[in-house]
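Each structure below is given as structure tokens.
Two complexes come next, and they have one chain in common, chain A, joined by chain B in the first and chain C in the second.
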Partner chain A sequence: MNFYCKCSNLCSLPPSLSSSSGVRIQYERIGSDVTMQCGTLGSDASITWKVNGSDVDTSVLEGPNLILRNVTLSYNGLYSCFEDSSGDLQDQISLRIGSPPREPVVTCRSNTYPKGFYCTWYLPFPTYIPNDFELTALQNTKEIECQRDAVHKNKCHLKFYQMFSSLKYKVTVTAKNALGKSSATITFDEFSIVKPDPPEKVTAKPIPDNPRRLEVAWQTPSSWPEPDTFPLKFFLRYRPLILDKWQHVELSDTNSHTITDACTGKEYIIQVAAKDNDIGTWSDWSVPIHATPWMEELKPPTNENQPPLITTTTSSSSVPPQSPSYQVSATTRNSATTIPRTVSLLLGITIFLFI
Partner chain B sequence: MATNCRDGLSVTSRQELFSKAIQQARKLHKDAKQLQQAYLEKQGLSMNLNPDVTYGIPTAATSHWSELTDAERLNSGLTAYRTFRSLLEEVLDEQRNNLNTEDLEFHQAISSVITQVEAVIEVIEQAMLSLDLPIPCHSDRKLENLSLFERKLRGYKVLLELSNWALRSVRDFSHLNKKRKEAAHLLRSSIARSTRRTSRADPPRN
Partner chain C sequence: FSLFPGISALVTFLLAALLNTLAVPAMNLTDPTAKVSIQKTYDLTKYLEHQLSTLASTYLNYLGPPFNDPDFSPPRVNGTTQIPSATVDFELWRGLNDRLRLVENYRAYSVLLRYLELMTQDLSCPELRRHFNHFCTSLQGLIVSIASVMTSLGYPPPAHPLRVRGVPGVSGGGAWALAGTASSAPSTFLKKMDDFWLLKELQIWLWRSAKDFNRLKKRSLPQTAAVHNHRPHRH
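Presenting the complex of A and B:
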């Protein structure tokens, strides 16, 4: 059985030491059998245990000791023991059930190449009790200082000790808690972790009089520090909203592209990714944007270019020359043309049957 | 005015030269990397091999790359590629005579990389001339007495460092190009400013 104090730097202190509030903290593993001692009372002392103010089942007592078997998270609580003769509070133990940490999952990435990189980590399984993490980074034998992120507690910023080096970096993250510790090490070279942030401010505009074109523009991610010396290339993908298949274009030395094969009148979804021209991997996709190629603002049909049947239908209409209204008149026209065809077909079938 | 025009032209031609150097170094980086993989496979070496031994191979690693002067950049590149040329010739000889005697395609791939290294040497020399930098003389490399296995390892290390150096050269020339562009921009701005000042100082014509 292990006794630990709350803070990791107090863990080597004897278990009888109390925290400032007089409550001892006792960490125990899930599934273990737990013995809680009531202060320094002898085995013949008669005492009562309470958990969170409620009585504890007397069957779990062994003299003044409280025995809990196969503990689960539901056993967490504040346990208090009282001397029966005086009713005085003798001891208070905060029982915290948890697990030792498993190997953390570590990822390192440089989105600010060549300035530096960062490493993040997480535990694949919860421990239910507080954890501490330590990171050590080496390039060959040279130790590299790690600057903890001000916001994200599981993130650390590092500088490249050298550039263009074939010596690998070795990053070890050790997770510790009151019940144990575990560590994971990853090894990588400078070039493999370079992954820029996605391009920013992606825009797509229709081009007047070009029903199949869209002008797409974007900006280099603002986190990328030296785009002139460390240029990025880009990957553009686009598809009509109603289709699943993407079309792709890879581009260098430019922050814009004209899509020339868009489907007329279709709304498109467009995204861009970035990668260092020579090393590393592609960024995530930028936030999707939507755009529709230019569409002709259709005028109401005139008498000269309409079939005689429709002339009657639309000439009686007073719809303004705007595209949504035009669609209405087009529907009318379609239904007008469909009805006579259906009538002719029915007539044909009837004649055929009579024959 | 004539001086400014000449400066402008030379800036443009330097930019073209640097762009050419970037393309050549980029191709060399890619090909050296491919050759490095092929070398590992053909010599039966581990994929995670990273020999600490240096064998006098120029290392591209630097902790103060951004602070280098133009002359330091180009000089160190030139010295490195001259050494790589000599080392690659030895690697090719080792392959032809001892390690991989039958694989003509592989020999050809090494020869092609040597040719590319020579092209990069030439373009660096041109860049140095265009920047009025002195071209250092070539000093002969000391030949080392290595076992067959050590030569095998050295061959890999040569290709590993060559691909890193080629990448460094891409960055070096991009950096030089950026500096020239900035200089050209400054020059154009100062010409525009002085032209505006002159036209403001001209008396109005009646």
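Presenting the complex of A and C:
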């Protein structure tokens, strides 16, 4: 924060009290006319102005004052004035052009019902100069305290002191800067701002031997404090990557679901959203996950790097080369053993499924 | 010789405890009748909540501004303090035992229904009156449903709260005398305000009841074994 003081009586030299850098900040509105004064020097003083170290065109001078008209952001800079006779630096002003704040946009949300809620805000139009914000929250006439977020400077946390309140909450955010202030108020019911965070750890797994199924599972968002007392219901949506139309399923009392109408062999995109069973709105969609249903293997489940069975058998069934009789018998042995291996594997899976 | 009274006292005590345990109904929240009742009541609160949201917005539009302004947030006037408020501290609400939870719901809706009936009688628009009459019937159904949950859990049916408090019965002109205003008819604006708050509290109660019955439903799952806490109340 910068401080500056102006001597108003019996002044000879400008007071030297200022910030450590000795520069005072002057804020002015975009498009306004600005008068830069050199310290407390009288109107008969002879002074020279410099902007960011460069000389200033004398046409903008009016006696010892520097007049700037219809200022824009390009006028930002360090203005210095020097007394002509001594050449001493008399004053340094950092000029910052900006605007007073326009009405902020305020949103409040409870993702931790019934513990509390938070409000966030932003300025839809830039001011180009530093702004301060203040939040006040009322329920009827009672003021509720809010805790500023440690990380996000435009966020404040509040508690619900009571549940099932019929009194609306009234939240006002005031934006203030050196050129003015503006505030916005929103009014809402306790229930209308409830919106959980999206479900977490969403997974989708293919199910062996089921080419049209996918097993989807997820977890209640960790920010939801009371999932037993305030259970969530879920909304699942999925579609093949190549199509635009989503399939939807609404689910309660469960954290998993089996998709049974997946298209064979297609990669799917899946998302889940959460909502309190009775109040509030749906959460945002969870981060999309991709999964493909199980597909039957066309080659035997041996070493994948081995050349396909077909070429091996053809080579063995074709007229065997004379020389490597050992090799031929080796390949025929291979083809002879791999077929029973596939059968035994399928048999094993079938038995396993029936247990 | 001196041991005998001690032993007999102990035996008597054990017998009494045993009989008491046997006498306690084995059902409580795991009783399937109770579960069905609870689910039905939960569904009814959802139905009523849905009906009320449409009906209330129609009525508030009929009353006109500022009542139909979504941001309308007036201070509470003394006259409506007899309307039971659903507002409660979270820990208190969570800690309510099942019987009290049900009794609070039963009492609240009984009072709310009475006020709603009075309000409906004073309505000049016949179509609105018809809709509200229908809603009152459904609300009565909810009250009956709550009572049946209490019975299925072995609790005695609660006394009718209006009789207990000595509030006079249904009568047209004296309707808002219940609200404690002066002997002359209350101003139209104040009456509209009362209607606004009645519908508001009713809406909040229906939201709360959904949570209450959901909680009862959860506690009726076999693994929660809530038997230890809930002996039926004996006169």
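Note that the second predicted complex is superposed on the first by the 278 of 355 C-alpha atoms of A that agree within 3 Å, B and C clash if a C-alpha of one lies under 4 Å from a C-alpha of the other, contacts with A are read in each partner's own complex, and residues count from 1 in each chain.
To be clear about the criterion, contacts are C-beta pairs under 8 Å (C-beta built on N, C-alpha and C of every residue); 3 or more make two chains touch, one makes a residue touch a chain.
Fair warning: this is a prediction, and the values are worked out from it, not measured in the lab.
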First, second, both or neither for A:260, with chain B first and chain C second: neither
First (chain B), second (chain C), both or neither touched by A:170: second
Partner chain in contact with A:141 - chain B first, chain C second, else both or neither: second
Which of chain B and chain C A:203 touches, first, second, both or neither: neither
Of chain B and chain C, the chain that contacts the larger number of chain A residues: C
First, second, both or neither for A:162, with chain B first and chain C second: both
Intersection of chain A interface sets (partners chain B, chain C): 114, 140, 161-168, 191, 228-231, 277-279
Interfacial residue positions of chain C with respect to chain A in the complex: 46, 71, 73, 75-76, 85-90, 93-94, 197, 200-201, 204-205, 207-208, 210-211, 214-215, 218
Residues of chain A touching chain C in the complex: 114-115, 140-141, 160-168, 170, 187, 191, 228-231, 277-279
Residue ranges of chain A in contact with chain B within the complex: 114, 140, 161-168, 191, 228-231, 277-279
Contacting residues of chain B [partner chain A, same complex]: 26, 29, 50, 52, 59-63, 65-66, 160-161, 164-165, 167-168, 170-171, 174-175, 177-178, 181
